[in-house]
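There are two complexes below, and they share chain A, which is joined by chain B in the first and by chain C in the second.
Then we have the complex of A and B:
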């Protein structure tokens, strides 16, 4: 395959083939490029392989425990990952709902309602916010939001009907919780989602919008019947990218989820997630526990790879849709 | 209406029918407008709701962080507060130096390889290049804690290097690589084909064209991508958390344990000393300032380039 690609270097290949000598394309330069590619390929194979290899003892001896076991007894085991898997799903899905609901409205407002001059400033601001390191969101959640939630919001939530089934026992709560982690994650992935969905919405062809306006459609009808359907697939792609960021988030969740390895359906009780559990437990881990944490890493890797697969497929479909338009 | 032969219908019926139609359409239009108003104001509300936490975050960051950025913050190593001196937190010079060292080493490792791979992806149509592109796209979305696990298992366990700056830079380099690869590919693809053809027509060898014509034209895009990769890496806690050891001394040595700004934020946020928790805001503000300056530089650079090429 590598031999093939030497002569396949696009323009060089073509030109050289036309002149009928393939030897000139194999200069030192191409070998340098290929060497870099081999290093890159080796790094990525090593990336997957090395984590897999270190998790092997766990997959050989306790494959079921890592996925379905519910307790984490350090340092002897058993090491069950169910609490982390459930926690990851709970926090990232709630965060996604928050981010998509608010983010979609925000992107539409930025593209259609904000004056042109402000639009670029707001767009730049959103992209800068998307670049704010997650630890800063975590710090804010931990030192500002958690005490405020504990003092003001939690008592109010606990006064709801069915609060105990939804939020859990108030005496167990002390600030950090799954709901808080989900909210901070939602705030964190909001700029990411808006940055992408704004671009997707902004490239909807102006002709389509003007055509439907000229037929007497109201603003909302244009958005609902023209803009959203045209950019639908790109918006799904943005959703998946935001979801990928939420599921992989480590330190922010480690600070604010509470770090309790228990399968938790009460949202105001402390919980944990896969990535944050790896971060908090790794420091004191030995032997089998390291292997179990690597196995959790493999699960996270599978989750992230499948999310990126789906989002890439969606983005390529969006390109086709726009090409047709 | 139902029978076209009734052309001689009385004018009054036509009149009333016309009014009826007008009335119905008016009502429908009013309804559509109302729905439109409600939904658009919901969108505006979403914008307002989105702005509140983000503005609050930035405001609190500046308000609490700015007073912490004193001279000692930049020049002293951390100290542990005691009951006698509860405010003796020292500075975070070790973390600032550590962050810079980690990212410089990582950039030195990642940029050359990333740029070369990106050039290859842009100029090759082989299956190997296609596979590398998919790998880069997948790696770009991988959770950063996995880079930390990789560095731990490869550098620490397999190569037997201790907790060190180089292990952290390795993790950060793996994080930067796909970003640099993908942005370089786009930058090279954006170079107009006419430039390449002109070079080839003048008899330049393909590698001369690539080195002397394509790469200089794509340079701005490549630099922008590399800066963005660094600005992403500098804020990452998870990859370095497991492997750099959190050293308390100022050290540029690759083999010494170092600290990093995000790491010291993570550790000190949980401190029981209010003075240390307050100091963390200074570190966070400095980190955000780093990231903003880097990404704004990249943006301005990119837009200037656009103006030149237009």
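Then we have the complex of A and C:
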């Protein structure tokens, strides 16, 4: 018995040695792989580094303006980023509310109420929608949703009590608006949210559901008291991923937000977002304006880094919760 | 075999006829027209442990799950025949399924406390599902059920701790306590010890022997020694020619293991197949 395992080890050792020290094969694949890795590292460092470097003048001379200043005077400056930051937050958060409310209902229905044969079809359709390029959503928002909102929805919204406080002066409205951008963003991130939240909900173990039913729970109680709490952390993860997609979205917002660099708290007034402002301004920018746009880019990068870090952390925590079950 | 015989000779209890918690009359379960188990006719006697044994695919679990209507969830599932609880057909139109399930509780193969709830919240979850909010009632039920599940002493001081901190055996006893909190008449157990180590298994088995004083137990088990050790009555199922499970024999465990009517039962309990 002992002899056997000794000989096993010997063979094993030999194999390892051959695999590890065969110099001919090591030279080429080892270095090719290493080279690929080095190229990637260099590209990443170069990319982040050059953006930081280009934005440096702004951070050195006008660090406050780019975050808290309003008004963007091209080409002389000042270049205030507050309108873009606020616009990004407004559109993304409203979009998120829309997507989470509709999306959660959709995910729950897909998992629990749609017949099994339809379930996979619907789930696949949702994932296909999540993969549609955003320019298509932007185009739809611009050509279909905007005229319809302007003709039918906006007048109705303006007839609400306190409409001016919430939506602004009707004479300032001409179609494109923060609300329109938020709605299109909401529609756009909805499939993303549904695709992830559906999976999170679907992996709640069946026997937990059966256990609660066996205690006399109704279906609704099972969902509210067991399924949603069990998948809670993963659902937050899905929310943050959807938010990350909304904040980074460029072209759709550029088409339909109105492109006005003004801090707007009136939702039917035109506004802009960081990403769409960069997209529309960079072509004619020079000198300090380039640096200011780069600084906005850094802000956007930080925002999306932190959002995806948070969502990754949440998803891994959800895995741990389920691993404990 | 000699072991099981010895165990059984010590545990000969005469069945009390006409005193059933549940009665099965010609019960069959099918999924989309394909029969999974059929011909199940037997009585589950009150305050006894009834075991369902048989090889994989013989329909034991399918039959067990028909007893608290868990198949209601499965599209295409159909239960025919009659299953009576205290004389009432549980599949009758006016029976509320949620109420039925409070009377016929269930413990699962894998210890499955609700992961987001504390020990306390797990135990009283069923009561809360059924609208009981009064703290004194919940506290009392929690203590009584945890005591019945022989868990109170080890968790008394940490009721607010997450249930996932308990060991596998403790988690399973927590699940038993959770089911007992509803004060059910019948407790269904689907291979409750298959995920547990031998010591935890022994504790659950001991628990079942004391629990049958207050609740009728139906247990599915793959472990024949377990069936012999703890059950009073035993149903033996087998997969038929057409791959549908069927009831071969039902009798006292003593009879099934020592002197069954059907030669196939003897073959199985002797370990000749399965």
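Definition applied: the second predicted complex is superposed on the first by the 298 of 325 C-alpha atoms of A that agree within 3 Å, B and C clash if a C-alpha of one lies under 4 Å from a C-alpha of the other, contacts with A are read in each partner's own complex, and residues count from 1 in each chain.
Methods note: a contact is a pair of C-beta atoms (placed from the backbone, for glycine too) under 8 Å apart; a residue touches a chain by one contact, two chains touch by 3 or more.
Keep in mind that this is a model prediction, so the values were computed, not measured.
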item: First, second, both or neither for A:113, with chain B first and chain C second; value: first
item: Touching partner for A:56 - first (chain B), second (chain C), both, neither; value: neither
item: Of chain B and chain C, the chain that contacts the larger number of chain A residues; value: B
item: Which of chain B and chain C A:302 touches, first, second, both or neither; value: neither
item: Chain B versus chain C as contact partner of A:221, first or second or both or neither; value: both
item: Which superposed partner A:97 touches (first chain B, second chain C, both, neither); value: neither
item: Which of chain B and chain C A:144 touches, first, second, both or neither; value: first
item: Contacts of A:42 with chain B and chain C, given as first, second, both or neither; value: neither
item: Chain B and chain C footprints on chain A, overlapping residues; value: 218, 221
item: Residues of chain A touching chain C in the complex; value: 115-116, 205, 207-208, 210-218, 221, 225-226, 229-230, 232, 321-322, 324-325
item: Contact footprint of chain A on chain C as seen in their complex; value: 68, 70, 73, 75, 98-99, 101-102, 105-106, 108-110, 112, 114-117, 125-126, 128-130, 164, 175, 178-179, 182, 188
item: Parts of chain B lying in touch with chain A, wherever the complex brings them together; value: 32-33, 35-36, 39-40, 42-47, 49-50, 53-54, 57-58, 60-61, 112-114, 116-117, 119-120, 123-129, 132, 134-150, 152-154, 157-158, 174, 177, 181, 193, 196, 200, 205-207, 209-211, 231-232, 234-238, 241-242, 262, 265-266, 269-270, 277, 280-281, 284, 287-288, 291-292, 295-296, 299
item: For the chain A and chain B complex, residues of the former touching the latter; value: 1-2, 4-5, 8-13, 15-16, 24-25, 27-30, 32-37, 39-41, 43-44, 46-47, 50-51, 53-54, 101-106, 108-110, 113, 124, 127-129, 131-140, 142-144, 187, 190-191, 194, 218-221, 223-224, 241, 244, 247-251, 254-255, 275, 278-279, 282-283, 293-294, 297, 300-301, 304-305, 307-309, 311-312
